[in-house]
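These are the structures, in structure tokens.
In the two complexes that follow, subunit A is the common piece, with subunit B as its partner first and subunit C second.
On to the complex of A and B.
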């Protein structure tokens, strides 16, 4: 078996030696530079743009403005196309905008022969605006009289959905209930992948080719076609290796604009390379979601009723829209089943950067709110938070009718037990939490709910192509994309086992997707790659095996049913004897003068399953009260993501997510000037991404319950590691200090305010200052 | 690709002075970790640059004729941290500049650039103020030396006279300043690397021979005002005092009479004031301990 081994990444050597080619490494030398003029207003109408100074700069080829673009609104979300118009994404974008809806919106481009001239050209543009009032907060944007962003969405509400269970109103009238209420706020954050988004476009044989740093080449082809008003088949998207995405590149970003710019200069190659500052503001961000929870507890610590209201800050454009908060809302009734629930979710336009997909897709927000409230509930009834969860969390056998998912293995309780044992939860819960000095220690935990892929909300399809090479190896193309997570390696391992090859090195995965060549897949999102690719790999391998054995039957005269492929050889089942190697078979088949055959297989599998993927985080913190700082001393994640295809890569995946969760919990936040709406910290100095110096060793553990719906027993692991870290840290700080912080990031500014409020900081100097002023 | 008009590379100090006089509008560039970032942002786009980075005579740490410690202006942060003379006489400076940005920045960034950039958050600045460093400038009329507090004029502006063709050539720490003196620097940031100080505090002490009293205490802050600043009220409380907890507390609280941090989106005034007191307390205790004192 190759699956289950910690194999070295198929792209490891090339990446370590710098040989791997990213979009910039494939750049035609003659490509023109496109630089974008971003609006310096949060909400305005562009009255005019004077381009004369820019056009006079040597090297400037062309200036295009919001007055030049076609009036074709298009959607950008990296969702599968739906044949049902009611299910299609909101088309609210133009290539360049006269109606500026956030600080950083695109109003013009300068195309130049070099970067310096392009930058000078952008600085030389004179834009005249009619300023409009703006709004940055989702709930403020819902109020009467708030500034309006989109004509089609009066009141700024993109969508409102609700779910009801039992009778909340009646249930809360029961006497003796304990009410635990909180409003939990999460910030706007950005993916901050290493490679900024960029792309280049050119014309070739009547096609427009776009080479892009994207997670979703086949979806981007459709969106570029829509935006330019051209048949989708006119567009060819090529996706080379990319330096991370985390969901930001699960959107059409600047591919449509780049393709259009090329058409405006006669099909010459043009490039758009986002700077880090642009990536923070003018790509996508994570939705800031405010979640109000009212929990009504029976005296025994079980839930009588719960009300959950979620306000999701969409920013200026719809992008993934309501999908994110809908997923977040959907978790509540499943995560902690409760007989009486009222849940409402609103997605609201504001004058912030557009929010899209980001690792976790609503769950880091939902987990922070739900798991904070759970600890608050445990405290209110005087119960240990782990025990409270054991009593209330989703039971084994729980079945969700919508997704068809079943909690087959009691995953939550098993993961919590493993994590508690690893970190020594019981002892530390007793030992910590009593410090009275400046340094206070605490331990906390949080769990997360997740599911795999997007069935049944959207189409799940996976296509795969295999060809038998003359040396007995197999070349494979998948529509699922390698974005740094190690997908190609997992695919190679699964294919090796499914075909019967000796090693995953005998599978050559063509990493680059070219939509003119690669079988259609939907790309990297929803933690779905390994799960969905598994189906088409297994199905296509079976077809390939059938063709190989049919040919082997011609040569060996053995019945197909009596043969198998194992370790790269055709063997006879009855005695295990090797009949011939795959290499011999391939050579014979190819060069047989009577019956020559290039053995290939291709198929598409429509996945109509989903799978729960659960886990938890335990975190140990040390709080320096006077310095208003919390430090994570130890952190453990436990995941039940089914069978591990590659344990080393799975562990790496978890480490990355944990690092993101620490930043989400303690330091990361995109800030906006309340007076102007201008982003304040859209750079890697002022945006406090957590560094390796800010976290302890990251510990990942697994519970391997094989997922029954998957041919390889696997399910989601891409996003889950980012979901439960922040609330675990929050709950550990609560244990250490008694202070419940209901917002992230829990940075020193927040702790200063909270500790002051709780009188933990004894401000003698303030008294002294006060007396002096008197 | 950077938007620069021209780049002149100086081969010696006299060559640099000549270039400076010939191109009075030009920007001096050393390691470039500030200047190139500003150019990329468009702030100095289209400027002429004079690079002094190739002048090896401005690198290294030595003891000069007056027994002053002489730090060549082009000495990088990582070389300062690892220099034996620095470690022996003013280790706190090596520790302070070891907290700048990242290893890459500490390899390219120079102490001359750090001070000439004139920002209050520079990690070297509070320690150099606390040690009353002397800045050496060389121009067409020879050498001019001035106390570092006079070198900093206002935020982002330092006293270097382009019309004299001046460049900064060294930073000097007089013997009286470093002798028997032990210091501690605390950088307060929102994370532990790649960080700009929310507040920086550098304290140093010289104890009496019996180590019972403080003979001399100096404390300086970065980011407590538009330029790095000393806290004279606090120093007055510590000077000549016995090593007691009460003295430490009074010292720490009194910094509020001296400093003037501002409200900004990076941190509130109230937060900076709170942190300043705690940093003063901790830095004084650490300095006393390094000097071999015991607080009663």
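On to the complex of A and C.
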């Protein structure tokens, strides 16, 4: 068995030698530079753009503005296409915009022979605006008289959905209930993958080819076709290795504009390379979601009723839109089942950058709110937060009718027990939480709910192609993309076992997707790829095995049913004897003068399953009260993501998510000037991404309950590690200081206000003054 | 002043010379003139460390180092670490073995800072190593395995057994 081994990455050598090619490393030397004029207004109408000065700059080839683009609105979300118009993504984008909806919106481009001329050209453009009032907050945008962003969405509400269970109104009238209410705020943050998004486009035999740093080549092909009003088959998207994505590149970013610019200069190659500053503002961000929760508890610490209202800040354009807050809302009734619930979610346009997918897809926000409220509830009834969760969290056997998911293994309680033992929760809960000096220690936990892939909301499909090579190895193409997570390695391991090869090194995964060549797949999102590719890999391997054994039957005259493929050989089942190697078979089949066969297999599998993937974080903090600073001293994540295909890669992926969660909890936040709407810290110096100094060693643990719906027993792991870290830290700070902070990031600015309110800082200063006087 | 200037330097052990745009960064020169594409661009203002190379043995963000300043200097990029027959250096092997690589974009810069650390001959504590590597941003790994790879290689070079 190859699955389950910590094999080294198939792309490890190339990446360790700097040989791996990303989009910019494949750039044609003659590519023209496209640089974008971003609006310096949060909300405005472009009245005119004077291009004369820009066009006079030597090296400038062409200037194109929002007055030149085709009037074809298109959607950008990296969702599978839906044949049902009611389920299609909102088409609210143009290639360049006259109606500026956020500071950084695209209004014009300069195409030039070199970067300097292109940048000079952008600076030389004179844009005349009619300024409009703007709004940055979702709930303010819902008020009467608020600035309006899209004609089609009066009141700025992109969508409102609700779910009801039992009778909330009646349930809360029961006497003796304890009410715990909170409003939990999460910030706008950005993916900050180290490779910025970029792409280049050129014409080839009448096609438009776009080489792009994307997670979703096949979906981007459809969107570029839509945006340019051309048949989708006219577009070819090539996805090389990419330097991280985390959901930002699960959107069509600048591929449509780049492709169109190429058509405007006779199909010559053109390049768009986002700067870091552009990546922060003019790509996608994570939705800031404000969540209001009212919990009504029975005196025994169980839920009588809960009300949850979620306000999701969509920013200027729909992108993934309501799907994100819908997922967040959907978690509440499942995570902590409660007989009477009222949940409402609104997605609201504001004049911030467009929010899209980001690792966790609504769950980091939902987890922060729900898990904060859970600790507040435990405190209100005087119960240990771990015990409160044990009592209320989703029970084993819980079944969700919509997704069809079942909690087969009591994953939550098993993960919590493992995490508690690893970090020594019980002792630390007793020991910490009583400090009265400046340094106060606390321990907290949080859990997360997640599901795998997007069935039944959207199409789940996976296609795969295998070919038997002449040396007995197999070349495989998947539509699922390697974006750093190690997907190709996991696929090679699964294929090796499914076919019967000796080693995952005997499977050559073609990492680069080219939509003209690669079987259709949807790409990296929804923590779906290992799960969904598993089905098509198994199915295609079975077809390949069938063809191999049929051919072996011709040569060996053994019944197909009496043969198998093991360790790269055809063997006879009855006695296990080796009949021939796959190499011998492949050579014979290829060069047989009477019956030559190139043995290949290809198939598509439509996945109509989903799978729960749960886990938790335990965090230990030290709070320096006077400095208003919380430091994570120890942090442990536990995941039940089914059987691990590659434990070392799984652990590494969890580390990355934990680091992101720590940043989400303590430091990361994209800030906007309330007077102008201008982003204030869209660079890696002022936006506080965790460095290696900012967190302790990261500990990842697993509970391996085999997922029954997957041929490899696997389920989601990509996004879950980013979901529960922030609330675990928040709850540890609550334990350490008694202060419940209801927003992230919990940075010194926030703690200063909270500690002042709680008179903690005042106390410390008095103590210090007092000690001096003594 | 002319827009172009001759820059003579030694790159990965080889003496080279090229007329270079005086406005170009060392990143531009290495990537565009010498096709050393391990030198990555993540911010181009010295914040992320992806473009890090060794100049006379010292780690620099090449994006904020003018190409013309490289005149007379010895420059090493990740391409120069590999042996003539594709042999990996111990630190490259450790990055692979410790699962310290994911998307790979920050990897070249990190490895070159690790080389600086290793060649210093110092035996740093884990906390000191954190400081030495803190000029690099990584969004995939949480730094955990990168730190392990550098620490273990450092210890091995000092003859200290590691698990």
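Keep this in mind: the second predicted complex is superposed on the first by the 762 of 774 C-alpha atoms of A that agree within 3 Å, B and C clash if a C-alpha of one lies under 4 Å from a C-alpha of the other, contacts with A are read in each partner's own complex, and residues count from 1 in each chain.
In this section, contacts are C-beta pairs under 8 Å (C-beta built on N, C-alpha and C of every residue); 3 or more make two chains touch, one makes a residue touch a chain.
Treat the numbers as computed from the prediction; the structure is a model and nothing was measured.
Asker: Which partner does A:196 contact after superposing on A: first (subunit B), second (subunit C), both, neither?
Answerer: Only subunit C; A:196 stays clear of subunit B.
Asker: First (subunit B), second (subunit C), both or neither: which does A:667 touch?
Answerer: Only subunit B is touched by A:667; subunit C is not.
Asker: Now for A:692: first (subunit B), second (subunit C), both, or neither, which partner does it touch?
Answerer: Both subunit B and subunit C are touched by A:692.
Asker: Determine, under the contact definition given at the top, whether A:116 touches first (subunit B), second (subunit C), both, or neither.
Answerer: So A:116 meets both subunit B and subunit C here.
Asker: So in the superposed three-chain picture, is A:485 touching just subunit B, just subunit C, both, or none of them (first/second/both/neither)?
Answerer: Only subunit C; A:485 stays clear of subunit B.
Asker: Which holds for A:13: it touches subunit B only (first), subunit C only (second), both, or neither?
Answerer: So A:13 only meets subunit C here.
Asker: Which partner does A:748 contact after superposing on A: first (subunit B), second (subunit C), both, neither?
Answerer: first
Asker: For A:246 in the superposed arrangement: first (subunit B), second (subunit C), both or neither?
Answerer: Touch partner of A:246: subunit C, not subunit B.
Asker: Of the two partner chains, subunit B (first) and subunit C (second), which one does A:684 touch, if any: first, second, both, or neither?
Answerer: Both partners, subunit B and subunit C.
Asker: Quick one: subunit B or subunit C, who's touching more of subunit A?
Answerer: With both complexes superposed on chain A, more residues of subunit A are touched by C.
Asker: Where on subunit A do the contacts from subunit B and from subunit C line up?
Answerer: 116, 684-685, 689-693
Asker: In their complex, what parts of subunit A are in touch with subunit B?
Answerer: 114-116, 119-120, 123, 626-628, 667, 671, 673, 680-681, 684-686, 688-694, 747-749, 752, 761, 763-765, 768-769
Asker: Mind pulling up the subunit B residues that touch subunit A in the complex?
Answerer: For subunit B paired with subunit A, touching residues are 1-3, 42, 45-46, 188, 190-196, 198, 252-253, 256, 265-268, 270-271, 273-275, 277-278.
Asker: In the complex of these two chains, what residues of subunit A are touching subunit C?
Answerer: 6, 8-9, 11-22, 24-25, 116, 191-196, 241-244, 246, 275-276, 483-486, 648-649, 651-653, 655-660, 683-685, 689-693, 695, 697-698
Asker: Quick one: which bits of subunit C touch subunit A in the complex? Just the residue numbers, please.
Answerer: For subunit C paired with subunit A, touching residues are 23, 36-45, 47-48, 50, 77-79, 81-82, 88, 92-93, 95-97, 99-108, 111, 130-131, 133-134, 136-147.
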